[in-house]
Structure formats: C-alpha cells, structure tokens
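Here the structure is laid out as structure tokens; the discussion comes afterwards.
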C-alpha cells in the first residue's frame, strides 16, 4: 500500500505493515527504542507534538490499546479526544465519511481507528485531506500494525539478529490480526523460520501466510524456537478447533513449562494480552523468567509515540 | 435575557441568541474569524485560558458538539472534564442543582450543557455563583446558540451583507433548535427575507417565528435564495409530516441539484449535520461546489473558542 | 497497614486512614489547606507533577469523586487517563492483576481505584511495582480515605480543637465507608466523643467502631453536638431499618431545623453527597447557615491534590 507513504518516503498512514520497507521499519523501531524506559523510571515526555490533535475512535473506550495511544499522544504534548464510535455502523444513516470529514474539519491531525469490520481504516485513509493521518489500532482479523511493531521491538531487545531466529506463533492464527502483522514485520526484518502452530480448524486458508511452516502440535512447533508468541483464544472458537472447552484446549495447546522446555533455553515468551491463564498459557510461564509480556506493554507506548512522531513530524517542521 | 450579560455589557452566559445586541454578536463573530484556519493548516492554539476549567455535561458523550467544545477549550489552554449526565433527570432524587453546586465548588469556570428538556441551561445559569458561566450546547427544540453563531459566521464568510440576503430554512422547523437560533441571529444581523420551508405538519405554531414567510413547497421557498439551510429530519417525524417514509420525504423536500437551481446561482447550501443523505439532501448537493457544510464544522470550533474566550476573559484580566 | 508508608515515613499508598499517624494526617491537612481557595477565586494550579500519569479506574465514569481526582491531578500538571473498569470482575478470565500490571507497564504513577468489592485496592497495592502508588476512591463499605480527609479538613476549618468536639454521625452507619473513615481520622485527631446515630437495623456489628457511643434516636445523638455528619440512605436499606419508606425515614431520622436546634448553636452540618433531600436531610438544613456541605466538595479537590502531591513527591525530587 503505497498510499501509506508520502512522496518523500515518510510514513503518512499506518494501516498495515505489509510492503513497508525494512529501512522504514527499522527507523520506527530505533525511534521507539529511544522512548523506552525501565519500569519505575519516569515516562519520557516532550512537547514535540504540541498543537497537534489526535482522535481515538474506538468502538469501546476501555481498551489497553486506546489508553496506550492516548498516553503516547499526551506524552508528546498533543491534545487527545476520545470518541466511542463504530465507524462501520455508519455506512448507512449518517455516513462514515461524514463523521470523518467532521473530525478533519475540527483540525484533527491523526485519527486512530479500531473497527471490527475489514477495510475501515483504509477507506478512511483514502478519503481524508492530505493533512490527516490514519492509524489503525486493530482492523478485524486483518492487521494490527502497532502490535506488530511492538512485538518486533520486544524481540529485537532480546534477539537482535532476526535472520537466524525461529519464531513460533501459536493459537487461533486464522482469526488473528496479531499473527498477520507479526508475520509481515518478521518477514521484512529477515526471519525465514516462521512457524504457525494451531489446531487444524484454526489454521488459516492455504493461500495465506506464504512461506510459513504449519504445525498442528505444539511440541513440533516449539522445537528449538527462539521466540514463542502465544495468541488469545476466544472460548467461542474452541468448537471450531474441535476442542470442546478450555480444559481440552489447554491440554493440547496450552503453553506449560514442560512444553516450553522444548524451545531453546533462552527462548522468550510473548502474548498480546489479555491472557486466558490456564487456557492458552500457564501462569508459571506467563509470570516466569522467559516471559517478556509486560515488556510488550511498555514497548507499545514507545512504538505508538514513534509512529505519531513520524506521521506528524511534518507539522513540527512547518 | 439580560441575565446573559455582565454589568459591563460583556457576555457571561450563552443560553440564547435572542436579545443579544448586534454589536456583541459581531464582536463574537470577529473574534471567531480570528480563530479560523484553512483545512490542513495547524489549529490555532493559545494559553489564554490556562488555569481555567470547562466541564462538558452531555447526556451522551460522543457528539460532534461535545468534541468541538472540548477542542475549543483545550486549544485555549483550559482543562476540560467530560461528564455524561442528564441534568433534567436529576430534578428528583439527587437534585439538578446539587450537581451544579458540586461542579461549582470544584472551581469549574464554565458549564457546557446539552439537555433534551427545555429550561435546563437557564435554570442552572440563574443559580450558579457569579464566577461561573453557563453555555448551552443545545436545549430541547428551544435554542442552540453556538450553532447559530457558526451558521452566521459561515454565511458572513461568503455573503457579508446580511441586510440584502434571502435565507431559506428547510425541513422540520417545528422541532428545530437550529432553526430558532438561526432566525434569532440573522434577524439581529439585519436579514429581512427569512423563509421557513416545511411540510404543514412540521411548520411551527403561528405565533412563533414572527416576520418569517412560510412556504410548504421547496420550489417556492428556494426561489432566488442566497442561503439554503437544510435541517435534519428524524424518521419518527415523517408521519407528522404526512410523508410515510424517507423516499416520500425526499421526493417532496429533498434538496437535489435540480431544485437548488431555483436558488441564486451563487447560493450556498448549509446543514448542521448529521446529514441523512438521500432523505433531506442529495449527496451531489452535500458534496457539491455550493456546499459549505464542512466549513460549518470548522467554524464551529472557532465560534466556541470565541465564546469561551469572551465569557472567561475576566479570569485572564484578574 | 504499614504497607501504606515508604521507609522514610512518607505516604506511598492511601487505602485506609486507620493506623496513619496524627503527624502524617496533619501534614496532609496542612498541605490540602494550602490548596483551598474561596468560591469564585481561580483554582490553584501548578506544574509540580508534570510528567506524571494518574489513571482513574472507576466502575462508572460520572461520579463526583472521579471528577475531583481528575481535576486534582490536572491542576498539578499530571496527565490523566480515565478507565471504566471493574477490577473485581476480573478475578476470573482476564485477571485483575494483569490489568494492573499493564497499567504499570504504561508508566502510570498512581492508580485511583473505586470498587464495590472489599479488598481490591489493598490487593492491587500489595502487587504493584515500587514506583506505583494506589489510592482508594471508595472501597465497598470499608473505607473512603480521601472523604475522611476532606471531612476532617472541613471540620478543622471551623473547629480546630478536635479533642473537645462532639461529633454525631447519622444514618446507615452499617454500610458506610464514609462513617468508617471519618471515625478513623477523628479518633486519630483526638476526638473522644464520637456518636453513632442509626436505626437498630443499620447499626454496625457490636465489635465494630470501638469507643463510639451508640444512639438509636436522633434527638439523643444530636444533643450538644458540635458536628453533625449525615449519611446518604439508600432506599433499598429502609426495610432493613424497619422504616417502610422515605417518609418514615424522614420522620425518625431526617435532619430538620427543629432537630438541629438540639445541637450546639454553632454546630456544623455535613453530608458526603449526593443528598436525598427530604429523606435524610431537610432542604432548609442542607442550604442553611450551618451547612458546610459545599465546602466539603471544594475541600475534596484540595485533599486529593495534597495526597497526589505527597505520594508522587519522590518523582519530583528524582
């Protein structure tokens, strides 16, 4: 999607990580790293985006991603407004685009959009004025680009040589925007050994995820892995996985210490949260020494600061 | 309502535009114009109201008017708190005034109130401490003064000589606070030819809107008009209009290009939004060259900045 | 609860007023007093907590306590995020602590928690990183420490010699966190004559509130009182009080002018709000010359500023 870039190659929108260059992604990760602080240290703050306005358009207000974007914007000095709105429901009646044009006329510089319908952020991005940026905060099962960036940043903090990594993504791959964005970014960063581990019913369609190996047992997928990314399983998907309940899911696909021992001893364990402890992951693993799950959250704000800083940098110059 | 003014003639509350002097209204419009920026330019920002606090009291949080007031306050440096509260429901139990006195004791300087019951902003204004201003953000069918100001500012940007204008207001006049505030301000600014265009069932009572001509066909009302203000029609009002559905409404009262051609060639088309495209207005008109609908949104923030700046100016001086 | 204090004796968490030293409480009250301004004066503002982030975790967003904490934080320059979340409901599924660890990883410095389940603020406080403070904004029927502080500050503004005071607390003592925190703080400040006035069914268990006298008639409890603290009665509690409805409650326990005359002539009347006028208190008393109810609201922001300033002071030094 070249529409994501400005003529000078800088990022204007962030809808998907697909087709973004390695150079651009590494620039974003570098910038994000500069915003990372250890737990307990003061948050990084600046006035770089003073005078800018960011609108969060979420269908529900209390998500961690909304708070993460809100803090990222505020810590760069931007004003933030939160709107609880389902853009896709506005295709009829008040049109989605009228809502967007209204926000644009309010001199809002960046629209952060989460929507359960595919295509919403891209449609908005293709209609807004040149001064407006659109950032996806999660689009159906399609993409969650800032999650992909934070996942890559978290991996890089521990294992900076992406080319040699073995990364296993485990769970409901079929419905996961997290898995899709992860594969996009790890591929771009040079990782060849990408493994999808899922029950057959939750494996994506054959034409999707080209070049990834597929494994229906956790034991097989984890072998010698450097990175284990667990996904959240919705209870309503278990039937589709031919696993009648959480206990059966855990028995087959739950990440326990014993199973984690199949991966490399220095493997890291990730999860996008919220976790179902005792379903897709054992508490002993989630809270264990190989878990970097809380780092992911911290890196999430840093990544969102980097993205906002990138897409709104032209304002600062102007 | 003299209670809207301070002894020195400055604005303290804004409940209605009725009885405000032309000089005061023009001062507000001039100030608002100074906050207008072209689409794509940075929003105007200042610290004029730093240390002030504005509370938005809306019955539902995600309206464009709430966001417009919130941004207006923030861009002047004020703190903003949003409360989802229906003051009129508090007449029993916890009384409305206790809620207001609480906010006042929290050193809130301006209360922005939207309520579906008539009389709420005025009742609050007549009870608050001298240091508190009350701004109506829409009162039942009675008044929507900042909408009136933004409508006047939008007209003035295109047609500054109000005396010679022919302004047609079209739709559900009977239930429209937008129409009432528009007539108040255009009258004060000198417009004599004000036309109400509505189905008989949505025409206001005979004693209301004195001096406005009344037209039950769109064709008659639009003739040689300089300004066409379309109103939103609620589907539940169509029966009252003897029009069984949206298609029938559109057939009789929808603004199409063909009908717009009856107005002056340089006529402007306005709408307070949200629009029902294909009901009260054709998309070709809403998005056409004569539409100034998006300018209205932009002017809305500017007008709200001007009003906040006016009512809180004494704080700055103090 | 020694866990509330840092090794240097400064306050880190505020979960309960019980066991806090008189010196610490007086320091908080002194600091709060420095943030008190008369009605109509500008709110006190500073940048002392610039760069800090405060999260409000409330089960419902539009409470006066949430707004009071939000304004307290903003007026000290902190960033604020509001989350509508019921932590106690997260004991299953997504665990409460994962939510808290997420917020902590977002570099949030203070969590303000209101929850209807006992134990939530304390549990959170015992798990967060050393850099995070937890402030209770109301915990079940257990404690409401900032309410206790604002009540004590309000009393002190009128009657600074706590030792000689006679304080009557009237109403649904059994279920009241306000009463519990009030007794904790007045006891610490030296008040010996503390009277609980309630219908037998709303009197607390015998082992609770040691040292307080108990009175089942208002007339007896009010005699020569210096301070009368009325509590809100929930209509669903009236059956428990053997009073079938609001009218009967008012007849037996409503504070009227006639009854207030039994107290000392300079007695002050308090209420945590929201008030049921005509149920637990007559309007003539609520709005009368002895009422300090609105002062309580104003003092609430001041107290919350003092507490935030105290628990986050180490950030400023750092």
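All chains are identified by letter, namely A, B and C, in their written order; residue positions are counted from 1 within each chain.
The rule is short, and it goes like this: a contact is a pair of C-beta atoms (placed from the backbone, for glycine too) under 8 Å apart; a residue touches a chain by one contact, two chains touch by 3 or more.
All figures in this text were calculated on a predicted structure; none of them were measured in a lab.
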item: Lowest number of touching-chain links that must be crossed from chain A to chain C; value: 1
item: Fraction-based call for chain C against chain B, same above half, different below; value: different
item: Separation of mean Cα positions, chain C and chain B [Å, integer]; value: 41
item: Shared-contact residues (touching 2 or more other chains) in chain B; value: none
item: Chain A - residues contacting chain C, complex; value: 37, 39-43, 45, 61-62, 64, 67-68, 70-71, 74-75, 273-277, 294-295, 297-298, 300-301
item: Touching residues on chain A, where the partner in the complex is chain B; value: 50-53, 55, 79, 81, 83-85, 93-95, 98-99, 101-108, 129-131, 315, 318
